[in-house]
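Naming follows writing order (A, B, C and D), and every chain is counted from residue 1.
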Amino acid sequence: MSSPLLVSRIPAPRQPDTVIRVGERVAIGGPAITIIAGPCSVESRGMLLDTAYAVRAAGATMLRGGAFKPRTSPYAFQGMGEAALELLAEARELTGLPVVTEVLDVRTVSLVERHADVLQVGARNMQNYSLLCELGRSAKPVLLKRGMSATVAELLMAAEHVMANGNTNVILCERGIRTFETSTRNTLDIGAIAVLKLETHLPVIVDPSHAAGRAHLVPALAVAAVAAGADGLMIEVHPSPATALSDGEQSLTPNDFDGLMDRVRAVASAIGRTVSNPLPLLALGTG
Amino acid sequence: MSSPLLVSRIPAPRQPDTVIRVGERVAIGGPAITIIAGPCSVESRGMLLDTAYAVRAAGATMLRGGAFKPRTSPYAFQGMGEAALELLAEARELTGLPVVTEVLDVRTVSLVERHADVLQVGARNMQNYSLLCELGRSAKPVLLKRGMSATVAELLMAAEHVMANGNTNVILCERGIRTFETSTRNTLDIGAIAVLKLETHLPVIVDPSHAAGRAHLVPALAVAAVAAGADGLMIEVHPSPATALSDGEQSLTPNDFDGLMDRVRAVASAIGRTVSNPLPLLALGTG
Amino acid sequence: MSSPLLVSRIPAPRQPDTVIRVGERVAIGGPAITIIAGPCSVESRGMLLDTAYAVRAAGATMLRGGAFKPRTSPYAFQGMGEAALELLAEARELTGLPVVTEVLDVRTVSLVERHADVLQVGARNMQNYSLLCELGRSAKPVLLKRGMSATVAELLMAAEHVMANGNTNVILCERGIRTFETSTRNTLDIGAIAVLKLETHLPVIVDPSHAAGRAHLVPALAVAAVAAGADGLMIEVHPSPATALSDGEQSLTPNDFDGLMDRVRAVASAIGRTVSNPLPLLALGTG
Amino acid sequence: MSSPLLVSRIPAPRQPDTVIRVGERVAIGGPAITIIAGPCSVESRGMLLDTAYAVRAAGATMLRGGAFKPRTSPYAFQGMGEAALELLAEARELTGLPVVTEVLDVRTVSLVERHADVLQVGARNMQNYSLLCELGRSAKPVLLKRGMSATVAELLMAAEHVMANGNTNVILCERGIRTFETSTRNTLDIGAIAVLKLETHLPVIVDPSHAAGRAHLVPALAVAAVAAGADGLMIEVHPSPATALSDGEQSLTPNDFDGLMDRVRAVASAIGRTVSNPLPLLALGTG
């Protein structure tokens, strides 16, 4: 990594951690760990709001939810699109949780931008440079997922594409890589967290749900990621995983997510960090 | 692979090979093997025309050349863009060779379509579903490269995205996968050719240049691909590899390409196939 | 994994955790996490004893050290052999730390057995079935490292080879797998810990040193492994990593190891576990 | 690869191809391609002799057959052991075909040596250095299979272990590597053939059966390997694949093998090589 890169720690004096603010309360990359949770896909108003209230109660401070879904098969559920964006915006109004959702297409960046607080680039699009450049011209932070066979160096270069176009608010996300092992959906590259924290000043979060692929393995990966130095977690939660339209096997129930949060707080404390304070419940509810 | 897929061999009666016609002379997927050659990137009018005449003389029947280049670094040469498309169109006029070039962005599909005969999707965009869908609405054939860690099943599903949107002219391209081995740039998955020929009726071509990553390894991979059943080859040729703006190490000189063509013809003949006839030099106007 | 396997959790009623006792004080697989530390290779009496006293003082309860070293090149240092075994035995007498060392050859099993407390099978020999069977007839516990491209299922089957021959004291060790990523020496498969704890009753330890390949990455991997549920850690410590005859880049100094132990204790406590009590310093010294 | 290695092409003047003689008629590494065929395991006298006569008639000049079988499960068929060695020796007497079989254990090297003409090291034992050293002291040639996740450089270093101990007759065998792709059992690394032919003077053969894992894919891989420059092929043939005790799915029938041989001869001829002459049937006594 040559020194003049914008992503790099190295231009002397050593670049301090970038802290990315989302809304009034969330700061990603500071001492507090940020927990993002929500359904893989927005399936209906009811399930989205149920999930949003539940994850807020458990301590999440951001809401995730897919509106446009990249699916291997063209015949699988592709997401509710714009209607989902509107529901996500409503969920933010009601719960106070800022929203992150994936953008798939350069032509819908401005649409997604109007509704979401953070724009996600999925693993399949990590080297879709047209999209990265377009997001480089956005005022909203970008959550950039590592491609499933991208090296750490390539992930940093993908972030550089965004930053070189003017948007310095990039959050990196490790979500497991493709290997020969099939007992998990992907192999969480726990070492990449440590490598990234050394090589870049950008915040690094982890998605244990896509790495595990099975709900009962998610908690172990989540707390391991925190121990390894992740600045945040993004976790799939669904009120009824068995009936989810996508990624049901890897989604936690609200109850399991609540239990996981206790473990996350304990491990965060053990390494001298905190978990972002949940929003005060009383202050909300009226939207 | 469930039977109703458009890519599948299996809907009874067994689907015969799809033959894709490009211009008046080229047919990809029939008994004759199609050779596509040209520079990684179009760098200038002179180098493009020199290469085009040279590869035609050696027996190539299609010309490749990058106008929009996806590059890991945002600071690397990104291609000449529209100017390159115009040069490719001119090269076609002068040599009679139809042209394939990569399209990176849904917003430039119609521009590329106006100049090129075949639209290429690069490995990094194999799961850029917006782009695949847009190409599904094009009247031009699509050359779909396998993603560097895509399974054969995922490659077929990417083709299905194009076909499901109405464009049934999809050419699949094996170009090496990412593995632990570093003595070649990628690991050419020679077995994937045989698997694809069984599972789909679509033509399958091979790019030995990106798999090898080093020019002196390209010929062995090229003839192996023909022996394994590939319907075509796409090979990088540059008049002066040492000064190429991209992929110089893996580009053949015109002279080496000429020598390779003899070997390709011999192996094709050994397995009962031919190589597409080169265009008659006299029939072409001023070329 | 079919139910009658000896390694399996599943024969009803669900098999409880196997706890393997080593000497009078060490119990691997119980609530307390076992820390094994020491040099990659035994290089001399002085460096071995220095390291042994240092890791004991920091809280390790077992000593590692290579006598027979499998090396990629036949011209690299192959270990001190039997002389190293004698030094390891002396170190045990002086420090009270039981000793684990690798056995490479069926013909030296009885020799190694005479000096060591636990017999290690290295990653390269995970599917050396002759060796596994021979160790199945030993009375000493076996520490079985996962092969660098072995699946979890294959690791369990390798353990089954030992158990099927009568030795039920097998400790599994995750040490990173081979993937395309090169920023770490291997990719620590953190998810494998969780999968193994579900599928087998055998204890699971982690070697973060071989996974990381670089000393400054070892602590993050070590605490992540504890958070994920590992029953122990095996860590390379060398009094002078820069001059080590093997694996110097990934060896911690005694001082760094001491700092890591504090972090390990904190994370262990956060997940409701402890770290094995260090040996009382006063009680030793007379052997 | 530093220049003084025994495996290397590079010590000036450039090292010519090593040709390894087996018995009176077989020369591996010369202009003629050597075909080795036979069953995965020796299952009985009848099936072995039937297969041996059949593969000889089709043009094979060496016989393969497993006596000691490394199996993932300790409960799978482990081979007939010494009885199989005696049957292999008898098959050689009757057919004139020299025999290659795997040796698993340093303690059985001398036993296998007495019966076999070439000693095979399997993929799982490629880094079993005790075994390699022992074979380095043998007078019989060694057929060294690449480990399933070994790099080309590591394969060469494994051969160096044999050569450094005095046995310079090492035949390298590419048999597919472990990758994420599952449509074939392993991914045949066709590029490794070309890389090896450049870097070493040792002969390089290919095992398409273990790479493919499915019989109908074997022929494409076999002819591709010949086109890429392999000095030989090792192919599993079984008189009744459906009832084979091991590797039935990837074994050719004698009839399919006979058809493949015609294709191999045609491709060999196309690249300027021949296939070793089959033994004259009349010249063999009672066979």
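To be clear about the criterion, a contact is a pair of C-beta atoms (placed from the backbone, for glycine too) under 8 Å apart; a residue touches a chain by one contact, two chains touch by 3 or more.
These numbers come from a predicted model, not from an experiment.
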Intersection of the contact lists for chain C and chain D
A, B
Pick the pair with more C-beta contacts: A-B or B-D?
B-D
What chain lies farthest away from chain D once each centre is taken as the mean of the Cα atoms?
A
Just curious, how far off is chain D from chain A if you go by their C-alpha centres, in Å?
50
Could you please state the distance in Å, as a whole number, between where the Cα atoms of chain B are centred and where those of chain D are centred?
35
At least two partner chains per residue is the criterion; list those residues in chain B.
149, 178-180
Given the complex, residues on chain A that touch chain C span 149, 151-153, 177, 179-184, 187-195, 198, 211-212, 216-217, 220-221, 223-229, 263, 266-267, 269-271
Residue numbers of chain D touching chain A in their complex, please.
149, 178-180
Within their complex, chain C touches chain D through residues 70-75, 104-107, 124-125, 127-130, 133, 148-149, 154, 157, 160-161, 164-165, 178
